[in-house]
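So, here's a batch of structures to check.
Shared chain: chain A. Partners: chain B in the first complex, chain C in the second.
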Partner chain A sequence: MRVLSGNDLTKYSTGLRCRLDARTKMVICLAASVAVIPLKGIIPLSILLLASTIYALFHIRIRIIFVCWSAVLLMGATALLCLKIMTVFWPEIGKVDIFIFFVPFFRVAVLVNVILPLALSSHIQDILTSLKSFCLPLFIYLPGVVMVRFIPSFINDIKLISESLKIRGYRINPVAFSLHPIRTTRLLFVPMVVRALRASDELSVAAELKGIGYAGEMTFYRTNKFSYPDYIAGVTAILLLFASFLFEYKDAILS
Partner chain B sequence: MKHKFKEKENRYWKPRELIVIGTFAALIKISTMLIALAGGGMNPVTMVLKNVVATALLIVLVYKVRKFGVLTLFVLICSIISMLLMGGNFVTLPGMLVAGLICDCLIMISGGYKAAWALVAGVGLFDFLSRAISLGYSYLMFREEPKLFIIGMVVVIIGYTGCIIGLGSGIFLVKEFRHAGIIRE
Partner chain C sequence: MIYLENVSYTYPFQSKEALSSVSFELKPGEAVLFTGKSGCGKSTLVRVINGLAPHYYKGRLEGKVSVNGSDSLSRGIHDIAKDVGTLFQDPENQFFALNVEDEMAFAHECRGVSSENIRRIISKMVERFSLGKVIHSKIFDLSEGEKQKVALASVISLKPGVILLDEPSANLDPCATKELAYLLGGLKKEGFAIVIVDHRLYWLSGLVDRVYILEHGKIVKSGAFSILDDEKVRKKYGLRKIGIDPLKKELSKTDRFFAKGYKVDGMTFAYNGNCQALFDNVTLKLPFGEVIAVVGDNGTGKTTFAKLVTGLLKMSAGHIFLNNRIIPRKKLLEKTGIVLQNADHQLYMKTVEEELIIAAGHLAKGIRKEKAENIMDFFGLRELAGRHPQSLSGGQKQRLVIACGLIKEPDILILDEPTSGLDGVNMKIISDMMKSLAAQGKCVLVISHDLELINMACGYRICFPLS
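Now for the complex of A and B:
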């Protein structure tokens, strides 16, 4: 049946944006998140930052990258401001080496760059297919799929609840949360929980009626295959990580 | 064939329970993110509030799925999906799994999944351990500038007060849901 439907031939995008398989993006994400922990030199981190920026530019719009980088900078500025406030009460901690201060933000920026393509340029269907291709057991696969499928519908529910609150004269904003935290949370939270519980009940009944968990092997709607860009991206990532570690530990290696 | 179906019926996790875990994992993720965004980031009120909501929902979850391993499975699902969709961190996953397992064992030892106070103690410890692991990871990330770690620690402590409030509000929420017939046990 799967062969007849021809879904393996479906292509979402022919551009470079969506060419990489979700699994490749996950592996890059994993490698970057592990590699940034031992690295602390400016040069190795700069190599990774530059490479990850290019990688992010291939996948997402420059405006989104700027917005996220602004958020990282804002985070740095807020931390600096908090540090200055703390200096008033604890003068010993006031001496800040600005160079060392921003090293952790290099790590955060690298992670942001590798996370954004995975989060923003992967289709939900691709992620579901990737989950299936990992051959996960049902007790991991089923809640995972439910979670992935429910996140967009919850966001939609929140929009609807927010609209209905606007009609009733309530506004959901930072001021409302700060001045009336309990009331605002109750107005937003209770309808959402009731909706979620009902949805999970309905979904459970539907799953039991369809025999999920009782049937034999599942057949895939669509299968993902690695292509040349995946291999190129993988090899480049390994080389870059190797180069960064070489720069980090060159003294130890030479001596 | 009949024998095969019978064998599958004896699964430890029923599809209904797995769906509830998935739904709650999504709900907790979305509601905490929404409160953080609506509160404007570094707002101490929303920092507390989002933890209240997350802990209260976790209490409702352990009341709905009273089985050994519910917290471990919840952590596993949340971490996998965070990695796939939101770029969550891979490094904290082993620690979080161990934390979930410890808390499941604590619930089991201290009265089982039928005792309300054991559930509250388990979720309370889970919140504490997960924050400790996150702080450990942030220490690794910000080790060059330990002052930044102190700021992070203050933020986490503010958040944890929300978790403690959330334990009480979770019980209250469960009572309300039981009254409404949404939670039956």
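Now for the complex of A and C:
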């Protein structure tokens, strides 16, 4: 999460990953999130999954994708196990089509693939500028900006909390969770919640004193510019979405 | 510029007034200091002047608050912020953008200033505050002194007329504090009205025109800075000293005097990606029975050193010895204790007593409670045993986290800035505790910029950067 904590991005500044404007990544995120809702077929979802995986691989390390996918797979496997147990006690559920069962997890995997590049390969300042440049109403822009700005403070707090736990000799691992679930949860969440509340309060005060809610029109000190990789990414995304919908609704179109 | 008449303020859901019948006037080109014990109402006063109380924190405000001739109650916070610039104790809390240039531009963008004008204002401020080297830096990469300077430049760039500074010296090293005093002196001459709220007094003698001492939300004494010369006054109101004695002698590497203690031998360390080592083959002794100050400018590696000594970070070369035996890194955390700066991250349980009992996990179950009670007595926390740790005051939290570090019975206890933002009374409690630990044969390392604490408690000092 080095990028979110405001660390230097210079190592990543070459290649396609940083050349894509934050707005392009945001729009890709939004389009993918909306598109996966009506899609149910194996081919259209597979097209999006493959394309989004390639997109993610351009932006972030394969290890991060692997960890996130493992988490999604674990969720899927847990859900499947629960379903199997349910069918033992409630046979009326009947046989479940395994692909239909995994459709929501396909959708999650696509979303993971498009959200991670936005979060992990963009400067937060670019995201803030992009949010501003969309000319959104203040009630959408303001919470959005506070949320984005909150991320690095929160990650910094998590680092400090984990360091403090180590100093005290408290272990946070599956064994500790099994032996002392309440205490371990408390060790982890109490400082996190307290710090989150304090950080959000501090940021709100900072925002107020800087005049972020000022009724007048805001100006932009910096402006983001689109370049040719943005156009290529945009056109490719549109074509892929079009192809996915074509496969999903081809029967309806042909008839 | 600022006019307060019989101002009383009560926070929501509180019956007691945080400020009570406070009156004062501040003209352009004047600087005043508000000081007093922790919890006396200093920060509330800052909030009343900049409009956060009652506009943001709500609550009940009585009396008249007027800034630049306008009644604050009838104005919004954004409007008051045009006249009043606020600098917090930890400037990082007031940064909204993530790099220096964007931070300086942000408030102007919110006010609709054109990008050409913003560029002009920023370049003026960069020149004035010598920020050329850091203008493109990330906020998180700056030293505390640089952060303070950036925050002050951002505030001044808005031409507010009044500058409020809440504990500005709490995180600064002596050099940066001196530089801040110089900058404020220049602003005062230009006609800015300056309100400073601080516990540390030594840097303010030539700067402020008047001093107000607060107690229980009331101004109990006021006058020229010279009223603080009287030791009785300082003692009565729990204030710190107004002058600093020369620092104690440096801990010598070749000192043969110390028979027992830890030895750091050949310590070498560099952060990932840094080709230049922060520590290169450093050797020194940390003797038992001493309180040792770790001093040096911000960013010279004091906290990193503490993390290496406690095993939180891994040295690239070198060892730590105890009685001529190497201690493996994994064992170091068991034998050492470290208390980091922010107490909020280090408190987890429902009550103070439970916090200590859980921290005493290495002891046999039967004696944990007894040990916790003894430690509570030692730190004056017995009356707070049933309180939620997060509900304690800053000084009480600080004592509790130190107590939790101590209950582990470490050979070395390292305290990182234990008195940041604490008044004279709390500082003395911590100083006495450190001396008492040393008398019990422990080694206490205290990383601090607090010269008064160092003079009060420490026998030796280690100066950073270490060669």
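Going forward, the second predicted complex is superposed on the first by the 159 of 255 C-alpha atoms of A that agree within 3 Å, B and C clash if a C-alpha of one lies under 4 Å from a C-alpha of the other, contacts with A are read in each partner's own complex, and residues count from 1 in each chain.
What we mean here is this: contacts are C-beta pairs under 8 Å (C-beta built on N, C-alpha and C of every residue); 3 or more make two chains touch, one makes a residue touch a chain.
As the structure is a prediction and not an experimental result, all values here were calculated from the model.
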| item | value |
| --- | --- |
| Dominant toucher of chain A (residue count), chain B or chain C | B |
| First, second, both or neither for A:Lys166, with chain B first and chain C second | second |
| Partner chain in contact with A:Arg107 - chain B first, chain C second, else both or neither | first |
| Which of chain B and chain C A:Leu187 touches, first, second, both or neither | second |
| Partner chain in contact with A:Phe177 - chain B first, chain C second, else both or neither | first |
| Contacts of A:Ala207 with chain B and chain C, given as first, second, both or neither | both |
| First, second, both or neither for A:Leu83, with chain B first and chain C second | first |
| Shared chain A contacts, counted only where both chain B and chain C touch the same residue | 194, 203-204, 207-208, 212-214, 216 |
| In the complex with chain A, residue positions of chain C that touch it | 50, 52, 56, 77-78, 81-82, 86, 93-99, 102, 105-115, 118-119, 138-141, 310, 312, 333-334, 337-338, 340, 342, 344-349, 358-359, 361-362, 390, 404-405, 408 |
| Contact set on chain B toward chain A in their complex | 4-5, 8-9, 11-16, 18-27, 29-31, 34-35, 38-40, 42-43, 45-46, 48-49, 52-53, 57, 60, 73, 76-78, 80-81, 83-87, 89-91, 140-145, 147-148, 150-151, 173, 177, 180, 182 |
| Residue ranges of chain A in contact with chain B within the complex | 22, 26, 29-30, 33-34, 36-37, 40, 78-79, 82-83, 86, 93, 96, 100-101, 103-104, 107-108, 111, 114-116, 118-119, 122, 127, 130-131, 138-140, 142-148, 150-151, 154-155, 158, 172-174, 177-178, 181, 185, 188-189, 192-194, 196-197, 199-200, 203-204, 207-208, 212-214, 216 |
| In the complex, chain A residues that touch chain C | 5-8, 123-125, 128, 132, 149, 152, 156-157, 160-161, 163-164, 166-169, 183, 186-187, 190-191, 194-195, 198, 202-214, 216-222 |
